[in-house]
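What follows is chain A paired twice: with chain B in the first complex and chain C in the second.
Presenting the complex of A and B:
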C-alpha cells in the first residue's frame, strides 16, 4: 500500500500549488486528479493574470491579494506569463463617476494604475473603440493555465512529490473521526488501490463539494458558468477591460496567437458537460463589439465554458446565485474537524491569480496540524528555470531566431534540455507537427514520453498542438501518424484518439459556424472524412 | 482580350473545367473565369462516382452501377437523380475520351470501385483513378512495400501498411503490406511537403537518387511499391512510368498532405489541355455582377483599376460551395455569391442544428437547387432571369461528398450536363 503524509485531491492550479508548496517544505505528498491536469477551471478561463484592478471597488481584499500575487507570478513563473500589460477603457454611455471611484479604489489597493491619453491608447491598440472616453494602464497580464499547472507539478516532482492523473478518489477513509487514507481508481486500468495518508487537502475546485461528501461532510459550492470565445488572432496585444462594474463580455485577453473574449455568468447545477449556447455566443459578440467595433465580424475559432466554484459559508441552502459575480471572489479554507472529520481540509473559491496564496495558506494549516515547522518558499523559488542563452543558440541550429526565442520562453530550461537531446539524435524532428503554434516533432515526442497521458487532447494541453487557426485539421493526423510511427500507439488506439480529438475540436466550434470558421470546419471534414475516409465508428469499412 | 463568347464559365474546379471542355468540344467559344486555384488540389484527384450510400455508415460500395440505381431511388434530391443515370454514364464516357487526349489517362470502367489506400492507412472507394494510383487496390495479393523519407511531411508508411493489413485481415486476405522509412532525400529541404517533393523530383538527377534509394529497399518479396503522390506535377504520369520501368516493379501513388499532388496535377493538365483546345482562361479575377441583357449574359469583372464587361450567350456557374467560396455564410444566412441565386438551407447559420461533423452535414447539403438540365429553380420572381444560366459542382444542393464519396463524380456529371446544355440549348 502506498503511504504519504498528505493526499491532495484535484490537479488544477490550487491542488498543484499545494503539492508544490508541501514538497518545497519537505512534506511527503501525493496528488490525485480524476482527469488530466488543469482539466477544470484552471484551463477554462480567459487566461487573465489579474492586477487586482477589476476587483478594486467591489472586493478590495481580493484586489490587494491579486496585486501581490501578480507581482510574484511575474517573477517566479515567467515561462507561463506573457506580460502584456492591461488597459481599462471607459466607453461612452458607461458611468463616468464609476471611473473616478475605481481609480481611487485602485490607488487604495496599491495597484499601479496610470491614466493615459485616449490618442495614446488608440495608437497602442488601434482596434479599440475610437469613441473611448478615458483609458488607464494597469499591470494585468496573460497567463497560460496549462503551463502553470504543469510547472507546479514539475517543480513538486523535483522535490519528491508524486502526481497521478486519471486517478479518481472513490472514498475517503475515516477512522475514529480521523482521515487515514483514500480508495482511488486508476481510470486507465480500472484498478482500485488504497493510499494511506494523515491529511487530505481537497482542492477539487468545482468538484470540491463532491469530494467533501466522500468523507460525509457538507460543503456548499455554487457553480457559475462562464462562456468565452476564442478569436483566431490577437485582437489586442494587451489585456483590455471595460471600465464599469464587472459584467459580461467585458474582458479581452491575448493568449499566444489568439485572443479570448469573456465571459458570461450563468448559474449551473454542476461542473460537468458544459458548453456555450448560441445565445451566449451572440451576447458576447454583441458586448465585445462595444470594446472593439466589428468584433462580431471577426473569425471566432471556438467557444468554451468553465465553472467558477464559489464557496458560500452559511447555507446558500438550495439557493443558486443569481449573479455569480455578487459572491466574493475571496477564497475559503475549511477545516472539516468542526464537522467531525479530522485531517480533511478544503481550499476553494478564489481565482487563478491567487492560487499560490491559497496554496500557501492551506499548506500553513496542514503544517500546523502536522507540527511541521517549515517556511513557505513558493513565492521566492523560481517555478520553472528559464532557458539559458546557450540553449537558445543551440535551438537556432534547427529553427529561425524568432522561433527559437519563442520556444525557449515557452519551455524553460529542463524541457529544452530534453528537446535538444531529441533534436541532436534526430535532427529531422525539427519538423513542425503544428504549424499554427509551432510545435515540432521533438516537442511532441518529449511530451509523449516524458509525461503520462491518455488522450491526444492531453498532449494538446501540454504543447498547444491544435489550438491555433486550423484547430487540428493539419496537425491531428500528423501527430497521430508520428506517434504511431514511433511505436507509441497501437492501431486501434491511434484511430480512437484521432476520432476523439476531432470530436472535441468540432464540438468547440459547433456554435460559431459561419464565415471562415464554417469553411474551416467543412474543410476539416473534407480532409478526414473524404480524403482519408476516416470513420470514427465503423472502421471495418464494410469489408 | 476577346469580349464576346458563346459560353462563359465561372470557376476552374473540375465542374467548370468539364463544362468548358464539353462546350468547347461542341464547337463553342468558351471563356473560363476564376478567382483562385479552385479546390481540385484539395481532392484526391480520383473521380469518385459513388463511394458510400447515405446512411450506410461508411461501408464502402464496390458496385457503383447498382449503388447509383439505389441512390436515385432513395434520394431524389441528389444531383445524379435529377440528371438521370444515363447522363451520368455519358459523362463518364466523355471523361474516358478526354483524358487520353490530355495525356493523363484514368483507369476503371466507372461501374465498380477500386478500394485504394489512404495516407491514414484507411481504404477509400473510387471509380476512376489515374494510372499512377490505380495499382494500389488493397485487394491485390502482391507483397506491398510502402516507402517513406524522413524529411517528408504528412506521410507515415508504418501507419499505412499496418492499417491496410488490419483491413485485409478482416477480409481474410492476410497481411501482405510492409513499410520502410528511408533517410532524408539528399539535397532536399529538411521539411518537404509532398508538393515540394514533387517539384524536387522533376529534376532528372533528383529522380535518379530516388530510384537508387528505392532499388536498395526492394526485397525478393516485394511485388509492388507504394509511394506518396510525389512523382512530379507538370509531366503527368511520365515520372511514374520512369520509376516503374527502372525499378522493374509495379508502383502506385497515395495522395498525401494538402494540397495533393494528384489533385494539383489533374488541375494543371486539364487547364493546359483546354488552353491548347482554344478555351480562354482568365485567372485571379473576381466577378462583380452578372446580368442578362439583349439575349446575352453580361459579366462585369473586377480588373486592376477598372471594371470590364465580357458577354456570353450562356453562363455556367461553377463557383464552388462553402469551401470554394461560391457560397458564403454570415451569422444568419448563406448566399450564392455571383448571381444571387436562391439557396436551399439559406437560414442554417442562424438556426439551432445538430451536426457532429461525422454524418451528412446540413451545411454541406446546402446550395442552389436545379432541374435536370442544371437550370436554377426560381423560388420567386421571373424565371426568365435565369435563362441560359446553368449551375454545376459544389454550388449545388443535395449532396455531401465527405460522406457520399461522390464529389468529383457529381462535378463531372453536372459539369458535363451544364456544358452540354450551354453549348446546345437556346
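Presenting the complex of A and C:
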C-alpha cells in the first residue's frame, strides 16, 4: 500500500498550490485529482489576476490579499502571467459618485491606481466605448489557469511530490476519530486502491462539501455558476473592467490569442452545472457592447461556465443569496477536528489569484499539526524557470519570431529543452498540427509522450491545440493521425478519442451558433462527415 | 483601421484554399502563405508584445488568394496592414520607397529620358544599384519615354469637343514609360466619339501600399479623389488601362484607406477593355476592325482577375479578323510590380512564372498581349517574346498607324 504524510484532494490551483508548498517544505505528499489537472474551476474561470481593485469597495480584505498575491505571482509565475495591465472605465449612465468612493478605497487598500485622460485610454485601446467618462489604470493582469496548475505540479514533482490524475477519492478512512488514509479509484482502469496518510487536505473547490462528507463532516458550500464567452481574437490588449458596483458582463480579459468576456452569476445545486444558456450568452453580449461597441458583432468561438464555491460560515441554514457576489470572496480554512475528525482540513473559496496564500495558510496548519518546522518558500521561489534567450534563438531556427516567442512562453526552460531535442532529431516536426494556435508536431509528441493517459482534450489544455478559430476542425484529425502513426494509439481508441474531442468542442459551440461561427461549424461538419467519412462515430457520439 | 481588420479575420473558416492557390507559397518554403500571414498571424499580431514576421515581404500582392477564399476575407487588406506595422516598427527600406514611387522616379527620369535610360542600362550603375539598394541587376529597368503622354496630348490638335466625355487615368506606366499605351487608349476612345479628359498625372498609390507606405498611399489616394471626383459628379466615367490602378481606384481607396467618397469614385471606374466591350455590346464601332495577321498569346493579369470583370480584352481581341488569340491560363507571372525588381526576390519571381513562360514558349506566338505592363515586362524578359497592351493591338486593328516622331 502506498504511504505518504499528506494526501491532497483536488488538482486545481489550490490543491496543486498546497502540494507545491508541502514539497518545498520537505513534507511527503500525494495529490489525487478525479479528472485531469485543472478540470474544475481553475480552468473554467475568467483568467484575471486581480489587482484587488474590483473588491476595493465591497471587500477590502480580499482587495488587500489580491494586491499582495498579484505582485508575488507576477514575480514567481511569469510563465503563466501576461502582465497586460488593466483599466477601469466609467461609462455614461454609471454612477459617477461610485468612481470617487472606489478610487479612495483602492488607495486605502494600497492598490497602485492612476487616472489617465480619456484620450490616452482610447489611443491605448481604440475599441473602447468612445463615450467613456473616466479611466483608471490598475495592475490587473491575465493568468493562464492550466499553465499555473501544471507549473505547480511540475515544481512539486521536482521536490519529490506525486500527483495522480484520473484518480478519484471515494472514501476517507477515519480510525478512532483520526484520518488514516483514503480509498481511491483509478478511473482509467476501474481499479480501487488505498493510500495511507496522516493528513488530508480537502482542496476540492466546489466539490469540497462532497469530499468532507466522505469523512462524515458537514460543510456548507454554495455553488454559483458564472458563464463566459470566448472571442476569436484579443478584443483589447489590457484587462478592461467596468467601473461600477461589480455586476454581470463587466470584465474583458485578453488571454493569449482570444478575449474572454464575463461573467454571469447564477445559483446552482452543485459543481457539475457546466453549460451556459443562450439567455446568459445574450445577456453577456448586450452588456459587453457597452464597454466595446460592436462587441456583440465580433465572432464568439464558444461559451463555457465555471462554478464558484462560496463557503458559508455557519451553514447558511437553507437560505440562498440572490447573487453570489454578495457573499464574501475571502477563503476559509476549516479544521474538521471540531466536528470530530482529526487530520482533515478543508481550504476553500477565495479566488485563483489568492491560491498561493490559501495554500500557504493550509500548509502552515498542516505543519503545525505535523510538528514540522519549515518556512513557506512559495512566495520567493520561481515557479517555472523561463526560457533562456539562447533557447529562443534556437527556436527561431525553426519558427518565426512571434511564434517562437509564444512557444517559449508556453513551455518554459525544461520543456523547451525537450522540444528542441525532438526538433534537432526531426526537423520536419516543426510542421504545425494546429495552425490557429501554432502548435507543432514536436510539441504534440513531447506532450503525448509525457502523459500517462492520452486524451486529446488533455493535450489541448497543455498545448492550446484546438482552442483557436477552427475549434478542432483541422487539427483534431491531424493530431490523431500523427499519434496513431507514432504507435501511441490503436485504431479503435483513435476513433473514440477523436469523437470525444469533437464532441467536447461542439458542446461549447452550441450556444454561439450564428454568423461566422455557424459557417465554421457547418464547414467542420462537412469535413468530418463527408471528407473523413465519420458517420459511424457521429452516430455513436450523437454529434 | 482597427475594426475592419478584426471583422476580416473573424470571417476566416480556416479552410486553407487561399494558401493552396497562392503562387508564392507553392514555390518557396520561405513564405507560409496567405492563411498563415493573413487571418492567422493577425490574431497573434493583435498582442502588441509579439514580434512580427518579415516573410510578409514575400507576398507579391497578386490577390489570387482573395479570389479563392470562400469567406470573402480581404487577405490583402490584412497583409497591407501587417506590412505597414512591420515596416513602421523596423524602418522602411530606401529601395522600397523608390520602387513604391514609380511616378516620382519617372518624373525625374523623364527630365532627360535619353541620359537616364543610358545611365540605368550601364553595367556599373546596375551593379551599384544591386549592391547599394537591392535592385536586382539582372532585371531590365523600364525605359523612360522622351515624350510623356501629357505632352503628346497637349501637342495634338484636339478633335471637336463631343457631348460624350470620359476621363482617362493613365497611371505611371502609360504616362511615362510606355505612353504608346496611353496614345492608343485615347485614340480608341476618340474613335468611339468620346472627348477624353486627362487629369493631372499622378500615381494611383498601390505600389506605395504594397511596399508598406500606407500613409503616403492614402495621401496619393486622397489627391486622386480630389482630381477625379469633380468629373464623376458631372457623370463622366473614369477609364484606367492599368489593372493595378483599376484595383486601387475600384477597391483599395475604400477598403484599405477607408476614404470617404471612395465608393462613389469606385462605382464609376472602368477598365479600358471593360468599357470598350460594353460600348461594343451596345453597338459601338466594333465592325471597324481590319485584319491583323498575328498569332497572339493572351495572359490575364492577376489584378484584372481581382476586379471580377471577366476577360474583356480577350473577348475584344477575338473579334479582330485574322488575329489568332490563344489564352495562356497559367496563373501569376511573378513580377507583381515592384516585387520582381527586388534582389532577394528576382529568382523567385521568375520561378513563380515558370509555368506561364513554358507554356508561352510552347505556343511560340508572334506577340504576347496582357493588360498589365509589369506582366509584359516579365514575360518579355523571361521568354524573349515581345509583349504589348491589348489597346495597342486594338488600335492597330482600328487602322491606326503609330505616328513617326
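FYI, the second predicted complex is superposed on the first by the 532 of 543 C-alpha atoms of A that agree within 3 Å, B and C clash if a C-alpha of one lies under 4 Å from a C-alpha of the other, contacts with A are read in each partner's own complex, and residues count from 1 in each chain.
Quick note on the criterion: a contact is a pair of C-beta atoms (placed from the backbone, for glycine too) under 8 Å apart; a residue touches a chain by one contact, two chains touch by 3 or more.
All of these numbers come straight from a predicted model, not from anything done at the bench.
Engineer: Considering only the touch criterion stated at the top, classify A:406 as touching first (chain B), second (chain C), both, or neither.
Structural biologist: Second partner only, chain C.
Engineer: Quick one: is A:126 in contact with chain B, with chain C, with both, or with neither? Answer first, second, both or neither.
Structural biologist: Touch partner of A:126: chain C, not chain B.
Engineer: So in the superposed three-chain picture, is A:474 touching just chain B, just chain C, both, or none of them (first/second/both/neither)?
Structural biologist: both
Engineer: By the touch definition at the top of the document, which applies to A:232: first (chain B), second (chain C), both, or neither?
Structural biologist: So A:232 only meets chain C here.
Engineer: On chain A, which partner touches more residues: chain B or chain C?
Structural biologist: After superposing on chain A, more of chain A is contacted by B.
Engineer: For A:523, decide between first (touching chain B), second (touching chain C), both and neither.
Structural biologist: A:523: touches chain B and chain C.
Engineer: Tell me which partner A:257 touches in the superposition: chain B (first), chain C (second), both or neither.
Structural biologist: second
Engineer: Taking the superposition as given, does A:535 touch the first partner, chain B, the second, chain C, both, or neither?
Structural biologist: The first partner, chain B, only.
Engineer: Touch test for A:485: chain B only (first), chain C only (second), both, or neither?
Structural biologist: In the superposition, A:485 contacts chain B only.
Engineer: Could you list which residues of chain A make contact with chain B in one structure and with chain C in the other?
Structural biologist: In the superposed arrangement, which is not itself an observed complex, chain A uses residues 474, 519, 523 for both chain B and chain C.
Engineer: Which of the residues in chain A end up touching chain C in this complex?
Structural biologist: Those residues of chain A that touch chain C are 126-127, 232-235, 237, 254, 256-257, 294, 297-299, 400-403, 405-406, 435-436, 438, 468-470, 473-474, 516, 519-520, 523.
Engineer: Which residues of chain B touch chain A in their complex?
Structural biologist: Residues 42-44, 51, 56-60, 115, 118-125, 150-151, 153-159, 162-163, 166-167, 170-171, 181, 184, 190-191, 255, 258, 260, 321-323, 325, 328-331, 349, 352, 355-358, 361, 363-364, 401-403, 405, 407 of chain B touch chain A in their complex.
Engineer: In the complex of these two chains, what residues of chain C are touching chain A?
Structural biologist: So the residues of chain C in touch with chain A come to 2-3, 6-7, 9-16, 32, 35-36, 39-53, 55, 71.
Engineer: With touch defined as at the start, can you tell me which chain A residues reach chain B in the complex?
Structural biologist: The contact residues of chain A facing chain B are 278, 282, 296, 427-428, 430-432, 474, 477-478, 480-482, 484-485, 491, 494, 502-503, 506, 510, 513-515, 518-519, 521-527, 529-543.
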